[in-house]
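Consider the two complexes below, in which chain A is the common component and chain B and chain C are the respective partners.
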Partner chain A sequence: MNIDKRLVRKDSLEKLFDILKQNSKKIYAPFSKDGKTIFKDAESFGGILTGYVQTTESSKDIVFPRTEKILDYTKSKEGMSVKGIDLKDIPDVILWGVRPCDAIGIGELSSIFNWDYKDEIYNNRLSKVTVFGFSCYKSDDYCFCTSVGGNPGNTTGSDILFTRLGENGDYLAEVLTEKGESVVSIAPGIFEKSETAEKEKFLAEVPVKFNHEEIKEKLDKFFESNEWVKQSLRCLGCGACAYVCPTCACFDIQDEAHGKRGSRTRCWDSCGFSHFTLHTSGHNPRDIQSARWRQRIMHKFSYMPERLSVYGCTGCGRCSRACPVDMNILENLISIQEVTL
Partner chain B sequence: MVDLIKRAKELLESSAVKVVIGYEQGTGNKTRALFAEKAEDADKLIFDSRCVQNLAAYITKKEVKEKGKMAVAATLPVMRSIIQLAAEFQVNDNNLLVLGITPESKLIEFANLIEVETFVHQYQIEIDVRNKEMLDKLEKMTQSERWKFWTDELAPCFKCYACRAACPMCYCSRCTVDFNQPQWIPVASTELGNLEWHMMRAIHLTGRCIDCDACYNACPLSIPINLLTKKMLTDAKEHFGGYQPSLKGDHLMSTYKPDDKENFIQ
Partner chain C sequence: MMDSLYMPYLMRIERITYEAPGVKTFMLKFVNEADQEKFSYKAGQFGEYSVYGVGESTFCIASPPTRKGYIECTFRQTGKVTNALSGCEEGSIIGFRGPYGNVFPLDDWKGKSLLFIAGGIALPPMRCVIWNALDLRENFKDVTIIYGARTVKDLVYKDELKDWELRKDVKLVTTVDPGGESPDWKGEIGFVPTIVEKIAPSSKDTIAIVCGPPVMIKYTFPVLAKLGFTDENIYTTLENRMKCGFGKCGRCNVGKVYVCKDGPVFTLAQLKELPDEY
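Moving on, here comes the complex of A and B:
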């Protein structure tokens, strides 16, 4: 479909928020809390941030919650009765203020959740989400979207992409999907006709730092490299990188029993944890941190492109910002590119 | 830290140790752990006020231990952690040399852990003013206000366990929270699951936590979980006369004394 370019006046964003609220939409938007930028259910427009480089956590929690109940069960003399969750209970959500590197990440998540089994709960959540992307006019040293095929004004994954046209400027709104159009139809007065607005000069500059295709080729021959050991010695094996990542999709299934009743949940998990691959026999195929760190990089830059034709990294840089011991993914990718085999 | 670099080089050149753990310049304005295995690696060693990560967390890490005898550039919190780890039989003079960094940023080398202990005991563990005020504020809250404070603060926790990974005292190869048959505490990150995890962590660390704030510094969401361990430290002081890590292994929570207070039994 052709991109429908509209102009949204700076002062109209609040009106748009109110109209969507009146239409009983849940709106998740970025707010500031204790120095972090977090998505939360926004009651009102006041306090929604605009000037952040990136939110502390990605927005994946909305389509792939950190803890998701799958079913309830009850045991009785007659046997076991199981009740799945009611998909009708999943609310319509507007994700407001998503950066392009998060919006594109939703597509990467979707390819994982539809690889062979079509994940019903994930797909239902996704069908209820409308993504309001906001282009980046700021970046920092951790950003590298342009090295993995993205850019600060990338439209992929957004239903409407808003780009601020200069400081204190109005917004260019690119209406990209049917979901985006339905928002325009709810608030037609907000989206003014604009054929001429160009966004490029208002976007952040993010220089290309490495060639992801070269990295992919290198990784094919890199499995046994000592570089993994060197890079991962200071890694403490927590899950911070995976949990802030917009595309990490690993989960664990847990049953929580209360007598004869209980529920089954799926919870985020991380390949950085030592017991992630621990077998019941006691054998652990990834028994050292370097094997786990290698898995993280290989999965994103080799296995996913091979199997799913997408990279498992959007260059958002969150993992590097969140890491308590300065495991900087950009630095590590560059050193992989530079190592001679 | 010219002295530190010089000494590290000597130790590595003479093979007195296999690895020197210290700090190096990281990316941006960050500092990070350096594992110097060759004398020339030691040139990268730095020390300044940004070097706050508790390096004792690496002493029990399998990949680091396998390298052989190590020397650690140890600030006061790191030295305290080392003493506690020694009391728990995780480290000893045969596998560790302490290159102490005094609160005045002077290098001080110790012949053995007894000397480290003597040095450490010159300093009391003091909770800083800002956190003390926060603890007082929490103390004055009603039970329901306190409940709300903690459920709100712990709600964002997604159980990445960075707090556990960064803590030198959390060295168990398998943590209670990772068991699911039986499941001791809820594994899922929910209100109850988060509360139980952080309560368990605080209680397991009572009488062992040396108040280095590594857990809080590691938390990607800046949840003030160190207030829990600080509260336990304050209570330990009030009820058991304070806590200093000691090689005797006089563990506060696992040692019975006939004159222990029993006023909590009601």
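Moving on, here comes the complex of A and C:
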């Protein structure tokens, strides 16, 4: 398909924001809060950040909220009434300022939530989201998107990908999907014709650090390696890596009761937690932290590629930035690649 | 409005049977007849049973698909949800979603003999297969059941054990751990693997279905191998902690294999391919 390339003037972004607001879209965009860069419901254009390498948390909670009601129940004398969530209540959302490594992560989440059983709650949320990707013109030492098949200007997962054409420059807008086209159609004046603009020279440079296919092959024979113990000795099992990850989808299901009423919720969980796999009997199949660390890496770089044909890592580097004991996934992957079996 | 994957059927507890200390069986009927009509399952599958306001818990369906109109589950009161379930009375409404997972390939076993070996609270997942096979008795040759529990009191399905004992077309051997016998106990005394070795059932054209605590399973497999059972003819059903039941919540996998989707039924040959993470 020929990508529809447009030019969006720097000053037009605010106009685009206002037009979308007038069309009653909710816009989630990156803002600064308590030293973090977070996505939040943007009331106005002012304050939306642009210069960040990466938001502190990924944008996944727009499609897979941290805690999400899956049903409500009411007990009465007559019996029990149970109601699922009304998917019609999910608002149309523009996800503004998503980096390509987050946008591609949405596809990886979708693979999990549609593995044979289609998760309608997730799919409905996703159907209401239009992703405005913003290419990276900056990167840091934690970034490794190019080692897992991505790149700083990757279009996958975005409905429109914006690339800043130089400092204080205008934006190249690649309109990639029908959702993207429908944005163009409500703001036609904003998206000017531009067949000539090239983005490559304006993108951040992220050198390739390892070969993910080689790592996958290695992992097939790596289960019993002592490397897992070495890598995870300092792991606290805090789960921060999973919470900031754009593709971690493990969840728990918990009930909340308030008298005769209550709800069942689906909430984020982490394979790093010791009770994640704990049986009621006390038996725990992953009873030590190294087994849990191994699960994290194997799931992303071996099990997911094999079962779902996607990698569970986009190279965003957030887990390393967030780790309180400075574990670095990039270093760990490189050391797996370097170990001789 | 569309129902999501997480929406349970409403089930009424029709009958509660006290099986053993802390162990109960619920007979459950669908509150909505339409649900009952579209529901079907096969032996070996499991579901998520829930007490609203407390949570969900995973157990097999313990009744056979050959008996229509209800399902049964048997559970031991151990955790938060099973304690809440245990507090339910006949007539109470609970949730159930399922069936999930793969099945025991009863169709492939036609014409063969069946050897069931179960320990303790692991008879329920096997009971579904046993009754399924007995309801289609002409399809199989010999049916042997070896069942052990810690003490006489801990044996579940006591009435059914009597029933199987009286049947001419079933060979039942019950055993209790040494010290677990009562003065009038007439069955065997000894651990399950020892009793299997003593009874020495034939492996000729026979499928062995083994289910029990890990230590029982561990010591029973070598006995079966000695008796000539191949790894392909030994079946078991795994359990791991689960939340969703359909391959998304991320906790039941053993290596790349998901107990909820690829299992819970595995042959010993398949188990030997898995890492030791169950």
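Assume the second predicted complex is superposed on the first by the 340 of 341 C-alpha atoms of A that agree within 3 Å, B and C clash if a C-alpha of one lies under 4 Å from a C-alpha of the other, contacts with A are read in each partner's own complex, and residues count from 1 in each chain.
Methods note: a contact is a pair of C-beta atoms (placed from the backbone, for glycine too) under 8 Å apart; a residue touches a chain by one contact, two chains touch by 3 or more.
Source: prediction; values computed, not measured.
Peer 1: Looking at A:264, would you say it contacts chain B, chain C, both, or neither? Reply first, second, both or neither.
Peer 2: Touch status of A:264: second partner only.
Peer 1: For A:56, select first, second, both or neither according to whether it touches chain B, chain C, the two together, or no partner.
Peer 2: A:56 sits against chain B, while chain C stays out of touch.
Peer 1: One more residue to check, A:47. First (chain B), second (chain C), both or neither?
Peer 2: In the superposed model, A:47 contacts neither chain B nor chain C.
Peer 1: Please indicate which partner A:307 is in contact with in the superposed arrangement: first for chain B, second for chain C, both, or neither.
Peer 2: The answer is second: A:307 touches chain C but not chain B.
Peer 1: Based on the superposed arrangement, let me know which partner A:35 touches: chain B (first), chain C (second), both, or neither?
Peer 2: Only chain B; A:35 stays clear of chain C.
Peer 1: Tell me the contact category for A:252 with respect to chain B and chain C: first, second, both or neither.
Peer 2: Both partners.
Peer 1: Let me check the overlay on chain A: which residues of chain A are in contact with chain B and also with chain C?
Peer 2: Touching chain B and chain C on chain A: residues 252, 254-257.
Peer 1: Touching residues of chain B toward chain A in the complex: what are they?
Peer 2: For this pair, the touching residues of chain B are 26-28, 30-33, 35, 53, 57-58, 61-64, 156, 158-162, 164-166, 173-174, 178, 180, 183, 186-190, 193, 217-222.
Peer 1: Which stretch or stretches of chain A touch chain C in the complex?
Peer 2: Touching chain C from chain A are residues 70-71, 73, 75, 79-80, 82, 84-88, 112-113, 115-121, 223-224, 249-257, 262, 264, 266, 269, 271, 276-281, 283, 285-286, 291, 295, 298-299, 302-303, 306-307.
Peer 1: Residues of chain C touching chain A in their complex?
Peer 2: 1-8, 10, 31, 50-56, 78-79, 82, 93, 95, 214, 239-241, 243-244, 246-256, 258, 261, 275, 277-278
Peer 1: Enumerate the contact residues on chain A facing chain B in the complex.
Peer 2: Result: residues 34-36, 38, 56-57, 66-67, 141-142, 229, 232-234, 236-240, 242-244, 252, 254-257, 265, 267-268, 270, 273-275, 288-290, 320, 322, 324-326, 328, 330-331 of chain A touch chain B.
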